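Sharing a structure, written as structure tokens. Questions coming.
By written order: A, B, C and D. Residues from 1 in each chain.
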Amino acid sequence: MKRTIFAFLASTVVALPVGAAEFTWAETTDPQTMDPHAVNSTPVLGFLNNVYEGLVRRGKDMSVEPALATDWEPIGDGEGWRFTLREGVTFHDGAEFNADDVIFSYERASDEGSDTRSWFAPISEVVKVDDYTVDFMTSAPNPIFPSSIANWMIMDSGWAEANNATLPDKENGNYATINANGTGAFKVTAREPGLRTELMPHDGWWGDVEHNITKATLTPIQNPATALAALLSGDVDFINPVPIQDVARLQSDPDVNVIQGIEARIIMLGFPHEADALKYSAETSDKNPFADVRVRQAVAHAVNVPAILQTTMRGNAEPASQLVSPAMNGYSEGLSERPAYDPEKAKALLAEAGYPDGFSFGLKCPNNRYLNDEAVCQAITGMLAQVGITATLDAMPVQNYWPELRADNYDMYLLGWSPGTFDAEHPIRFLAATPNEEKKLGSWNFGGFSNARVDELLPMIQSEIDADKRQAMLDETAKILQDEVAYVPLYVQPLVWGTRSNIELTQRPDNFFILRWVTVN
Amino acid sequence: MTTPVLSIRNLSVEIPTRQGILKPVDRVSYDIAAGEILGVVGESGAGKSMAGNAVIGLLNRPAHIAGGEIRLNGARIDPLEGEEMRRMRGKEIGMIFQDPLTSLNPLLTIGDQLTETMLTHLPIGRKEAEKRAVAALDEVGIPGAKERIDSYPHEFSGGMRQRVVIALALCAEPSLVIADEPTTALDVSVQAQIIALLKRLCRERGTAVMLITHDMGVIAEAADRVAVMYAGRLAELGPVREVLTEPRHPYTHGLMASTPLASQGQTRLHQIPGSMPKLNYMPDGCAFHPRCPRAADKCRTAPAPTLTDGRAACWFPMVTEAAE
Amino acid sequence: MLAFVIRRVGQSILVLLIVGLVAFSMFRFVGDPIDNMLGQERTIEDVERLRAQLGLDQPFPVQYFRFLEGAIQGNFGVSYRQGREVSEILLERAPATLELAFVSGVLAIAIGIMLGVFTAIRRNGATAHIIMAASLIGVSLPTFLIGILLIYLFSVELGWLPSFGRGETVSIGDWWTTGFLTESGRKALILPAITLGLYQMTLIMRLVRSEMLEVLRQDYIRFARARGLKERAVNFHHALKNTMVPVVTVIGLQLGAIIAFAIITETVFQWPGVGLLFINAIQFVDIPVMAAYLMLISVMFVGINLLVDILYVFIDPRLRVDRTGGHS
Amino acid sequence: MTDTQTNQAAPPEAVDKSLWQDFRESDFFYAFKRSPVALVSFAVVCILVLSAVFAPLIAPTNPFDPASLNLMNGFTPPLEPNAFTGDAFLMGTDDQGRDVFSTILYGMRISLFVGASAVLFAMVLGITLGLVSGYFGGWTETIIMRVADVQLTFPSILVAMLIFGIAKGFTPVEYRDQMAIWVLILAIGLSDWVQFARVVRGATLVEKSKDYVAAARLIGRSPWAIMLKHILPNALSPVLVIATISLALAIIAEATLSFLGVGAPPTQPSLGTLIRIGQGFLFSGEWWILFFPACTLLALALSVNLLGDWLRDALNPRLR
């Protein structure tokens, strides 16, 4: 027995340099599908960005750059966009890439059963001009269309048809759920859902290879402590995320590095604007104090964001004043001040609104969705209690959380929002527009915030091509939302990645882990 | 006179407790010769079983032998411990317990239990042991011994089981058998058969038997001599006929008066007023004096004489005129 | 004997039906799968369509009936999250859990019985007292904490053992994978198996001890001693065998508990078994997986129970002739 | 409970003495005095229970009052002044700036309350069902014992999650904080009753066949009177032992459930919830957030277990 242990130790010592270009990483959640059109979520799209590619992609600085399209230009006066496709690109199975694949992927991704359908809402028609030219016609001018499809991934039509996967199937799954065939820098060589996904470089990739990986393995590890232990013990080379409280510890460890950045996600408090009464109040059950803007302002002033950032976030996050972070397109520079922490002012505002003795209410919070979400809510509960409004905190797993919010079972709630388009228009459409099912507006505006001017500005923003005019309208909207305290933005969620110190990589604010930027030293 | 098989001299057993040291057996002496059956009688708690356990070395802690000596075939065995004592058990001293229902391991066949015992003590092989097991069962009167050897205890009736127990106790041919209430748990109709069996086997083999019982009827039927115990002490010792017909100790007398000899049933001591003192509330003087109709001052102050010669440990033994 | 088995099987099926009903009714409260299946840009219309697709708009009895109908044919549907046959996923994950449960079970039973016998025989010895007290530490801390502490000590600080996962596995046959055949697989087993087995080990040890003490004061043990049998024979041949009768029942129940408690251990160690699958399923409200898992656990448990009952008859000859429906 | 115990353990000639005297002279008490393990663990349990009961008097702060917390105090190491506020705490503070010492005291109240109530609930349920099934037998027995089987099939964790989910659906949010605790009690209690039922049923089966029960039945005493007066006392010793061990188990179970996210609410944390929160800081160097609650839980569970162990031996006269 002893001998075998020694033998094993010796073999690992020898094996190390050989496996230097093998790379293992852990994330909290496994991508639930390999189908790039079935689910629109960060784990799926982030992972598949290594395997599939779109017409355009985002670079290290989030700027849009050519991928499968080498060039694109507007058609006429905002009638659409023309994309020129890259020639000589092959899929992992060796098939050639051409315009048919683009058309096929458009149809697939905009199908009723596809989760990426909303990206193509502005599109009226897609036309194949020749094998390497495709026109996307829009019903209205759409200046941001190219950047909004950076995560739209192209699938090989022949492969999909041969494997009976022409449409994504969320319910039953199909061949594309566990297999992948893209044009990306890596191909999936083994997939055990929930356990292990193995990637190897795609030899025929069209781009310049920056990485030195021969094999990469993704293992989901849910328990943050386990993931951290795996990183510390060298069982994995990279974890995302690092629990925020462990940043300091990792920084002091010479074997690991912490890579921090700011995510696109804004954490905010939401209110029941439309409700007639509080649902969870012992004494104020006949009216809704949060309908009064002064009460909402009081909340904004009562929450000590610097303290939360200092303690709960360990100095790893930035305060937020708007529904988007400064890294996003369309951020309003002039509105970067968030309401100051001022409990006296909060009390005065409450008194002014007719609640000198405060009131009680129910605060809903997820406990497994955002970084330290429950701890933040707890801290907020304490801060609000100090100005006299006492919250009963109800923290729950996210699977119970959304149904509760949809059923309007809250007096105040915590929400995080990350704009998929990296543009300030995105949260306005989903969070600030008056809910309208037909127009697919305000679908996450649980509280039913409604402002006529915002509703008026939104379509104008969407179709404005002139950048300055567009920014002016975005600024106006942001000002309204700030004045009305539609939401109380708290902070920008930090991105904290941890790597072994022999790894070099690039972190993007969308929390996508791009394997082709990894170097193992 | 030949060496007795068992010879006990001034045997004391003590149990240290928080109320002080209890003496369940106090300076008891008796002998048993080969082929002889000594009946030991007394109420429960009189120390008769405790003495038997002391002999076979199965006292439960914290009870221990505190004094005196025990000789088996002339050799002292009371200082023996552990492995040495274990080898004595079964081989030199056999023991039969009260309840045949619980004395046999329910999960092993009786054949297993017999051969295991023989293999432990006798220099024989398994084949031979199995043969002897059948013979042993045959000898204790189990019909169809050859077939029943693979039966489990629960497949036997109470009487049959006690026969198996006897076979087990005797299978390594010990020179002494301690039978602790061997018939108490049995049907009246079976009791006599078991006693007869025990008697026959011991006579045939010349085994000495310590027959512990509270049943005077059993004593009368089986024993050669009888030792009467009361509160840890030997009250009277003598040949069974003499003790039964002419008891000298008032306690024996009372015992006899309460036992119609013909009766096979359970003995109850209504006639002696009071009850045996608890070990932790021993009266001064003779332990029996609070219940004794003949008690005098001396009995209340001086401990009863230790029975050495003479038959009864009493300051005022009863005279023989009571009988005849 | 046959009648007994038939009756027990019948009862077992009844138990399974009830478990199915309870399990199924529970899912309605775990959450809503829809939000996890759709991204943040979904519309209300998408939600409703998917709900109808999954049959979630049907009344509860209809859903249960449909589930049962499939379950009888061994068809538990398709995982909402993975888009694959649930039975396939379970089969894929089962070896990991079974191997873990097997090792911890063997560990718990072997060490538990050994220590139990030891502490019973040396009832008043200092070592026995220390073992008894030390064993209590194992049950006085929650399993998850013990697991995390083990990881901290043996993986992070000492770097001896892997912190998560199953190591390298080898496929045997069509669907069985084993970690026994590789060094890393065996190493990966150690910490989870200890974490999972510790509690059961303590339990078995204490049970064996008390049962053994009970047996040791039985007449037949005294009689065995009085026959001069060797201590070893008395303790192991006579006492232990009798001790095993009640112990086997409890061990049977504990095996079920091991598989159930694997949920926690698997979560802590990222052990790719069915327990982890179940926890993930809860997180994503993957109803078909949850339902199938519970049924699987119940089948295993009922099966073990049945086996224990039969084993009982095997150990205890008294029960071989006839058995009255007693249950202890 | 203690009274019944005293009566059983006391020598019969001491009946006329007062209960206390009676108790002091009992073998039980003697054995207790003689056992250092029993004495120490009893003392530890007493100290912990008392400090939990009197937590509001002992604790320097009230951690359950959110208005009194200062987030800036968060992560203060034990006995070191906080960098921002200058406050110092005996056992440091947690992520919310709560004094760990106070939080432990308050948390222990919840743990003990949940544990004790769950065991009580399990005991009442188990004893009742055990008596009924043992006494009446037949179908009643079959059904109850099969239910026990089903019950055992479900790991307590799942039972708790089930009950949690259902209860959540019915409770208004302002009661949810309390609800969590009642649900825990219900869940742990429900997963624990089987042991009690089995022991009591066993004792009932034994006692039922005895003559005095038959006699009591013949003179027309009601079944319940017979069960409670004659049968139950015979089962009390094992029940007490199981209850003690179950108490420790219940406290641990609460901690485990909290790890899986169905425990006490974080605003009113139990010991288990504290450990769950604290384990997140194991690697980050804030050891005190985990260490002190874990030690308290260990001390509590260990001494209750040791006491239960000792009780088992002491109350089993056959083993004495």
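Just so we're on the same page, contacts are C-beta pairs under 8 Å (C-beta built on N, C-alpha and C of every residue); 3 or more make two chains touch, one makes a residue touch a chain.
Note that this is a predicted model, so its numbers are computed, not measured.
Visitor: By that same contact rule, can you tell me which chains touch chain A and chain D alike?
Guide: Chains touching both chain A and chain D: C.
Visitor: Counting C-beta pairs in contact, which chain pair ranks first?
Guide: Top-ranked chain pair by contact count is A-C.
Visitor: Which chain has its C-alpha centroid farthest away from the centroid of chain D?
Guide: B
Visitor: So what's the Cα centroid distance for chain B and chain C, whole Å?
Guide: Each chain's C-alpha centroid was found; their separation is 53 Å.
Visitor: What is the distance in Å between the mean C-alpha positions of chain A and chain C?
Guide: For chain A versus chain C, the centre distance works out to 38 Å.
Visitor: Let me have the rounded angstrom distance from the C-alpha centre of chain A over to the C-alpha centre of chain B, please.
Guide: Taking the mean C-alpha position of each chain, the two centres sit 89 Å apart.
Visitor: Would you pick out the residues of chain D that each touch at least 2 other chains?
Guide: Chain D, residues with two or more chain partners: 168, 279, 282-283.
Visitor: Using the touch definition from the top, which residues of chain A touch two or more other chains?
Guide: Residue numbers touching two or more other chains: 225, 229, 232, 368, 397, 400.
Visitor: Can you name the residues of chain A that touch chain C in the complex?
Guide: Per the touch definition, chain A meets chain C at residues 4, 8, 32-33, 35, 38-41, 112, 115-119, 169-174, 177-178, 192-195, 219-223, 225-227, 229-230, 232-235, 368, 397-400, 402-403, 417-418, 420, 430, 437, 440, 443-444.
Visitor: Please output the residues of chain A touching chain D within their complex, sorted ascending.
Guide: 224-225, 228-229, 232, 243, 245-249, 279-282, 304, 307-308, 310-312, 360, 362, 367-368, 374-375, 378-379, 381-386, 390-395, 397, 400, 409
Visitor: Which stretch or stretches of chain C touch chain B in the complex?
Guide: Checking each residue of chain C against chain B gives 218-220, 222-231, 233, 237-238, 241-242, 245, 315-318.
Visitor: List the residues on chain B that touch chain C in their complex, please.
Guide: 56, 58, 86-91, 94-95, 97-99, 102-108, 113, 116-117, 120-121, 152, 154, 165, 168-169, 172
Visitor: Residue numbers of chain D touching chain A in their complex, please.
Guide: 65-67, 69, 71-72, 74-75, 84, 95-97, 168, 172-174, 176-177, 261, 265-267, 279-286
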